[in-house]
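Could you have a look at this structure, given as structure tokens, before my questions?
Chain IDs A, B and C follow the sequence of writing; residue 1 opens each chain.
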């Protein structure tokens, strides 16, 4: 038991980078899971990846754990295959997850965090997200199978059948309202809503957290300056969401669950919604402790935990460490490498449009392709910056304090 | 014979006499050539009026008088402070750390330069650490870890010529990255 | 039994009843149609709906849940306004009063939990709409309204967060509002803002930037509380209500609850 806890603690501290590094691959696994065939070439990539973790892992303990976890997950998924969408298997997974959560509540450190009033909705959110993601993908799987066999999606079989609003819809709505009212009243009586001591402007609580639904943004603030993480990127999230219907011109999958017909859209959306938004909220809630340090779920939140961390800028790495020179005084010279790197990153879409992504470019047309790919680049900037911070302690790629322009 | 207008007669001969429309008409009809100009003028005038209204509404959100706590306070005598210590006695009330070393004494403003949380002084690790996003600062106020983009700010500090007490004025702030820490107002020689 | 029936018929056929509910008990198809058409609230719905539109496994009922929770928040919020004063002297103690002394002291808890539940419900609603591809033509515009409503939901929750004036509140708002300081070109620490100068004087400083307008001063204080109170109780709910009306209207005009074309 102690070993298991230690295992999970170490794993979760490293899990952010693990998930971010691998989730791109994980979606490939999803593709294959939906079609019920995991044992393909993709499996080989995964095994190679996992082996890499284990080999490197002998030097760094968390990576060893990651490797083990990787193989365990791979093994389980490959055995489940298409059966993951079986109702009974789903129910067993849910019971397993609930039992794991219940067992974890026996741990005093875990209990302290999970039972904090403000964190209750996040606990509920984790399960709701899991359940609904499973339902959506299960339905997509069933429809895909129908379509592959030359049939029509399930929703279409009954789309011609119309019911009277009164009584069918009206009664469903009333039942929902009564049920929700009961839930809200029981919830409000059983659990006190969060309220801490009166405001004191001179002492921040430790850790000081934003409202839970903004913890993803707060996590972003660790890696980017406020002007990016607090202003530009949130704006782009909104703009990006609004742009979805205009960028995605795929006429298929309109009005029914499906996956195979919309692999890219669903892949990108799930990555953004589940990994970059929801998972970061969960990280911010359960894994970020005093002084915003990482803690495992069963770890004691020690306010004096010492994490030796000294950040460096790209300019420092290049000028001082690689070239052995002092930093140039003129910022445009000092930051030239970083600026070039950012420009190179932003010029990926036109370069890729020429050859590898020609198919997309032609299918989508210029404006859609560029808007879509720039939004995607900005989305991927977060995991890229996170991985850079984790691996090299890199703070800024471009650091122009003179005009508050830091990337 | 004078023309008689009965209630049923609706069309006098010069129906718009004296009105603005008639004036325009007298000066000449709006021609095909002048129409774009008239239209543009009208739209520009409307846009300017709406813009002016919007900016007045916007200005309304910026108050002229602020009711904020005092920024300036007296902090006792130099000898009240130990050499080499970060003094936290004014943090609760004014959000100020007074740091004294062998040569100088300065006042650090206890507001993280990242997002404005109040950092904590960790004596054992010899650093200020912000609980919000983990920014760390040396005792001098210079940042070295976490997301803080620049060092903590120093407040104006001087000895009152009348009674020799230390006076801290938070409304005057010195930024290291602008090279202002060399300003004689930003420290006291001890 | 026969008595009960006659009493029921007596009520339903009375002039008072008929003046309110014109149709009577909707027990024929004709009356079912008229019941929906003749009612302001019910005629948010079409007369007939797709079978999949009624299935919980398809819709998850999350749009309706979001709206219902908005109503719960409106009612409980209105009740809280009878006790709560938005000043730093009273805000915190009024909240204590609301939970300890006020009769049926669960209104504040329900308002808070309802807000959390509403955020989750709105996310799940968006998730369902995405997964069924229901943002595709002809529903693009309604998806956009939905995104704005999502943002307004978060803003409602965010402005409400400050009102109890406890430690959780002011530090969350400190962090949140300090981001406005970094708005490019409009915040005093945003990129490019330093370039806006008149001679040597910076035009954008802590006393006139985006954050200043948001919190009504240089630091979180009484004017911030008042501002957030007004935003929370009046400005954002009205905007959200207006957009919700459009949202529901468009659901109907774009072909009802989405289904396969």
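Just so it is clear, a contact is a pair of C-beta atoms (placed from the backbone, for glycine too) under 8 Å apart; a residue touches a chain by one contact, two chains touch by 3 or more.
None of the values given here were measured: they were computed from a predicted structure.
Trainee: Looking at CA centres, what chain is most distant from chain B?
Mentor: Here the answer is chain A, farthest from chain B.
Trainee: Looking at B-C and A-C, which one has the bigger number of contacting C-beta pairs?
Mentor: A-C
Trainee: For chain A versus chain B, what separation do you get between their C-alpha means, in angstrom?
Mentor: Chain centroid spacing, chain A to chain B, equals 36 Å.
Trainee: Just the number, please: Cα centre separation of chain B and chain C in whole Å.
Mentor: Centre separation, chain B to chain C: 31 Å.
Trainee: Using mean C-alpha positions as chain centres, tell me how far chain A is from chain C in Å, no decimals.
Mentor: 26
Trainee: By residue number and range, which residues of chain A touch two or more other chains?
Mentor: Only 201, 204-205, 208-209, 218, 221, 225-226, 230, 402, 404 qualify.
Trainee: What positions in chain C touch 2 or more of the other chains?
Mentor: 171, 174-175, 178-179, 181, 219
Trainee: Among the residues of chain B, which ones contact at least 2 other chains?
Mentor: Expected reply: 114-115, 117, 132.
Trainee: Using the touch definition from the top, list the residues of chain A that touch chain B in their complex.
Mentor: 201-209, 218, 221-226, 230, 290-293, 304, 306, 309-311, 395, 401-402, 404, 406
Trainee: Quick one: in the complex, what on chain C touches chain A?
Mentor: 26, 29, 32-33, 35-36, 42, 45-54, 56-58, 60-61, 64-65, 68-69, 72, 88, 92, 95-96, 99, 106, 108-114, 116-117, 119-120, 123-124, 127-128, 130-137, 139-140, 143-144, 147, 150-151, 154, 157-158, 161, 164-172, 174-176, 178-184, 187, 189-195, 219-220, 258-261
Trainee: Along chain C, where are the residues that touch chain B in the complex?
Mentor: It comes out as residues 171, 174-175, 178-179, 181, 208, 212-213, 216-219, 221-223.
Trainee: Spell out the residues on chain B that touch chain A in their complex, using ranges where they run on.
Mentor: So the residues of chain B touching chain A come out as 91-95, 110, 114-115, 117-120, 122, 124-125, 129-134, 136, 144-147, 149-150, 177.
Trainee: Going by the contact rule at the top, pick out the chain B residues touching chain C in the complex.
Mentor: 58, 61-63, 66-68, 114-117, 132
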